[in-house]
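Take a look at the structures below.
Each of the next two complexes has chain A plus one other chain: chain B in the first, chain C in the second.
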Partner chain A sequence: MIDVLLLAQESTGFFPTFLQTLIKGLALGSIYAVMGIGFVIVFKGTQVLNFAAGGIAMAGALFMSILVNDAGLPFLPFSNPLAPEIGTTPSIPRWLINLVLALIIAAILGMVLERIAIRPMIGQPLFSMAVITLGIETALGPFNRDATSLTARSLQIPWGLEQWEFLGAGIPKSYVGAMVAAVLCFLSINLFFRSRFGVAMRAVAFDQEAAQAQGINVGRVFSIAWGLGAALVAVGAIFYGMGPFPPQGTVSQEIHPVLAFRVLPVIILGGLDSIPGALYGGLLIASAEVFAGQYLAQWTSVLGAGYSTIVPYIVMLIVLLVRPYGLFGSEEIRRV
Partner chain B sequence: MSSNETGTSKIIEVEDITLRFGGVTAINGVGFHVTEGELFAVIGPNGAGKTSIFNSISQVYRPQEGDIRWKGKSIMGERPDAIARLGIARTFQNIALFGQMTVIDNILTGRHIRMKNNWLTGMAWFGPAKKEEMENRERVEDIIDFLEINEWRKHPVALLPYGIQKRVELGRALAMDPELLLLDEPVAGMNLEETEDMARFILDIREELGISMILVEHDMGLVMDIADRILVVDFGRPIGTGLPKEIQSNDDVIAAYLGQDFSEEISID
Partner chain C sequence: MKFKRLLALFMALGLVASACGSSETDDGAAGESESSATTEATAEEETTTTAAPAEAEEPAAEIATDFGVTDDTIKVGLNADLSGPFASLVAEIVEGQTVYWEVVNANGGIAGRQVEMVVLDSGYATDKGIENYLTLAAESDEGVAMISENTGSPITAAIAEDAKDDDILVIPLSWASLWADPDIGPNILEKGTNYCIESMNGISFLADLVTENGDTPKLAILSRPGEYGADGFAGAALAAELLDIEVVYAAEGEVAGDDRTAVVTQLVNSGANIVWTTLTPGETADIFGNAVAQGFEAQWSGNQPSFNYLAHLGGDLAESFDQYWWQSGYTVPWNGNDSEGMQDLVAAFTELRPDNNLSDVYAIGWMEGLMVQTVLEQAAANGDMTRAGIVAASQEVTVDFKGLGPNQSWAGSYNDSVVRESYMFDADATAFDIQPVSSGTGSTGLFIEKGPFVSEIVADYVFDGPCI
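Right, the complex of A and B next:
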């Protein structure tokens, strides 16, 4: 499969190659952006940098895999009434229904983790809270590892590696899917911030006591922030699982555990508390990464294999030299 | 329960509350009630326990003894946000505004409890969600007019003069359409003109909106002029409750406030 794709890419001219690279950058940027928004929501709501995002994201992708492969429900002894027939690839609508179900379960996981590990820590130093999230990440490890230990688990992507031809370039359906998912996530998050929950979350971010005095339930804000944050990073992990992204339609034991850490430069660049920052940061960093991978390939012997994965950090460092609060972050975060 | 001088029903009753922090007794057996529409004042020197009384009503602090009743029902053990939703709004001694938000957005936050639209209904853009948002914005505009802060509406509050910030905080509390307002030293640190403005707003709130208020002050001047009844506390203990006239001639109060000049008055137009 991979070889076929590489061959196809080699035989294309300058413009199609450029277009393909651009689309790939946008697709990867969409994934980074969605996951970045997942970090940002948790940070806005609870002032915690969520180091457990990687574990939660991978668990979310595993939930999806369990739903579409095993006809079961994660953690529960019930069968999944919406499951496709075992051993078959679901239709797109059925896959999407299971996606929504997987995201709901991921959101519940996020809310449960918040309730047992974060809520009791309210009022403690932010550093302690961040360490707690690292603990959660570690605790999720065994679940994620055991579930994938024997083989990479399929996500049963209905469109596999299919692609559209457009102006001589091959546009993988998965890439378009990632972009559509990102647009939907971005729009619903904007609606969210216009609702009363958005008002509440903003108030809690500034001053919890004052927010309570306005009748705002701080615990519920924490819960919603973690639920949404978990669902968003799970969206990223599931769409990144699709080929031609490296996991090739699976939840990967090698690649998925480090995905969230590649998003860290995105939110540091965009500003920890900025939704547009996560969006533009994601697109910028992913484009830099993908274009460097495509156009600096002849220097691989000099730059070293896998050099493109370093690019996000280089971009981040350069931006932070000029703008220490990130592209969109508020200066206030300096206190944290 | 004895009826009181204004003769209307009691909106809040604080019954013999005691609040300790380790060895410190911040409130020591304080009791009072406030009737509907009344402007009740709590005065006492710094550290007397006034703010702690507010924090006990808000249930930010939990008194070890006594009871606090809202319209006859105990509110002990409720969460602070639940207390706010009952209709008890407050301002803070050290202004607690949302600093980087604008005046409008700060006041709009006070509308939170009046907002019904959630995420899903909010998607019905021009339907009830739109209507509700318009209503909330209108209410905010009324308050901005009322408090005469129109020229600052779009400014981040952190950049505003202190006296204006105090007004914005009052506006945010009013936006909740409360039945009881707790004002913690609303004129502290203000110059004479700002103090007179604030006194006028407080009187207008009582006259035009009919909201009951508890006003905490460490300085007697304003309180003697505008309060219906006054409670004096010192070292957490109540040392007298009564009409301003009675308080001025109360020996214990005079002892606690030794050297203070009661005759100092401010003019209110």
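Right, the complex of A and C next:
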């Protein structure tokens, strides 16, 4: 059986197959990393793991879909002047401008949710705040489902399924787009943490009360963390919507709701409060998932259908056994 | 450490969510009926007799009734997925039935009674579906005469036993080959071609295409877990055996989870030139899109739920679907022929729902209406519109779908009652143009290529029971 598979791969070329798999792993890893950073930002700012990230991410992708498909804007009485003509695919610059708009709307959603549901909980047990985020996730569910169930929600990707040929391998433009987006997000977040707000966020993460005593507006830090976190997970959801990723250019009612759950191993592996950890964790987890899917396929009957989606959790468990605080997480030191 | 504990809990949740993939699973349907309760009261105990209104068509002198039928109203129930994974399709199917009853009621109703729909949303959740069933089947004023639509194999399997005990007729929105088997669901009035026979006809069609091009057919079969996947797969495997086609890749129930890299890899490397899918539209798009992106060329088709023209012909993969995909189905697409049924359907929607977008699935709801009307009129003619009388009437009728699909009757053995005809549609992305009904233009991009037809292997085959 192995020989058969190797022969078949030889017919398409071992190296092109390997290269395609590697690029896919890096692209998926980029998406995991960006979404992971979204989790980490909220955690660093508020010490809360944001279980509402999935709902917010899908809502962000829906905002993008509405902006590029419909003349109107959600909740606003006027139309989007930057929307492409209905029925036409937008140009890349126009699509990117609408992407920025969608991320701004997603960030506002995150900030509003924080103000309504999280801010009143400041000072309460972290467990309660985490459960509140679960409640937000549940509340966003019907909105997301209704918005996707009645009509197909296309993301109007300007490059569709186009790909470049490189050394015999097909490299989808969407994969490269995801990697570029991850690099830009990573650089932007690093710059942010060097700004005044970034330093304030680090101070709040270190000790909320001490930071408040130093005159830092903790509420504003919370708000910014949720806004940034929401925009980042929305970036991940939008780029994951591009073909040949499974949703194939749409906001998927099947796939998008569980995307954030798939990122949890990434942040556990990388360390809950580490941005480099989210980056490396994302790349490692996604590569493991994609390479397992590609090169263990002949053992599906033994490993079980959908085995590759289990791989991230196996990798996570193995790493946690060796490094309980993740690859880059801060070790908790307690006096006993 | 509080976080570690909390995370451990949600890791487990995440694991389950990822492994399960979509919520469109058909798993675990069979055997769940034990969780729903039935009442001991028999229909006969509460049967009453009322005089039929004078305006009824050839009414019996007296019509016996029990639940859901009064002197002026007949209540039919719909246990529909209006908020779950199939909501977009089911909402339009329900709309098709709604418009049908508006037309029937405007013309005097059935046996002089107006038909009233009671629509409950299951969200495609089996527990909610059972709860809805118990409401609809209540032996009280709240109960309905029959259930004119019950979405999905899992919920249908869960209520089949209760429907038998309650002696209430149920039309499933599911095409599993199980429903024609009296041992499984004597009160489940299946409609249209089942997945198994559809697979057999579809693969025969694809094999002919490949053979005409001078190639030897090599088949890949992709299916998801659950009754739907199993039934479609069983038909495909049977077709391969009867047509002596080599199956080069058989992913039976293996399309699960969100990452389908393994399936795509094996498919692309299999050398198949025919692919048959029993999947959800999302799974189809993912596997088809990735395979085509890797240069895989084959003739593709699959059971009807594999394909969604809105997502597939309206998305980035439209050109590829146009090139490689043949859609299989049981009913004629919107404006797909000049039959009496299609003319009635289009005229009714143009008059009553001019702003609705055109849809291929209105016809399914319309056909459910035709089934219910035919059965209820027979029951009225028999003078027995009790639930038991309606069940009995269903075994006496042949429903004329007026060209929207093959006519159907339910009397006789399993082999006698299964519908053997299906359609193959050409997917034309350039024609895809969803417009309001009132415009009189537009298309879902699907056109009848062949059908209704019965392949040789289906015509000759003796079905002694369900394929699974």
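Here is the rule we go by: the second predicted complex is superposed on the first by the 319 of 336 C-alpha atoms of A that agree within 3 Å, B and C clash if a C-alpha of one lies under 4 Å from a C-alpha of the other, contacts with A are read in each partner's own complex, and residues count from 1 in each chain.
In this text, a contact is a pair of C-beta atoms (placed from the backbone, for glycine too) under 8 Å apart; a residue touches a chain by one contact, two chains touch by 3 or more.
Here the structure is a predicted model, which means the values were calculated and not measured.
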Touched partner set for A:Phe127, first chain B, second chain C, both or neither: second
Partner chain in contact with A:Pro84 - chain B first, chain C second, else both or neither: neither
Chain B versus chain C as contact partner of A:Gly270, first or second or both or neither: neither
Contacts of A:Ser252 with chain B and chain C, given as first, second, both or neither: second
Touching partner for A:Gln163 - first (chain B), second (chain C), both, neither: second
Contacts of A:Gly29 with chain B and chain C, given as first, second, both or neither: neither
Broader residue contact with chain A after superposition on the shared chain, chain B or chain C: C
Which of chain B and chain C A:Val290 touches, first, second, both or neither: second
Partner chain in contact with A:Val218 - chain B first, chain C second, else both or neither: first
Chain A residues contacted in one complex by chain B, in the other by chain C: 332
Residues on chain A engaged by chain C in the complex (per definition of touch): 5, 8-9, 11-12, 20, 24, 49, 51, 126-127, 130, 142, 145-146, 149-152, 154, 157, 160-161, 163, 170, 172, 243-244, 246-250, 252-255, 258-259, 261-262, 264-265, 268, 272, 289-290, 293-294, 296-298, 300, 305-310, 313, 316, 324, 332
Residues of chain C defined as touching chain A within the complex: 1-4, 6-7, 10-11, 13-15, 17-19, 21-24, 83, 85, 87-88, 91, 225, 251, 253-263, 265-266, 268-271, 280, 282-283, 285-286, 289-290, 293-295, 308, 310-311, 314-317, 320
Complex contacts: residues of chain B adjacent to chain A: 58, 60, 79-82, 84-85, 89-90, 92, 96-101, 105, 108-113, 115-119, 122-123, 172, 176
Chain B-touching residues of chain A, taken from the complex the two chains share: 188, 191-192, 194-197, 199-200, 202-203, 206-207, 209-218, 330, 332
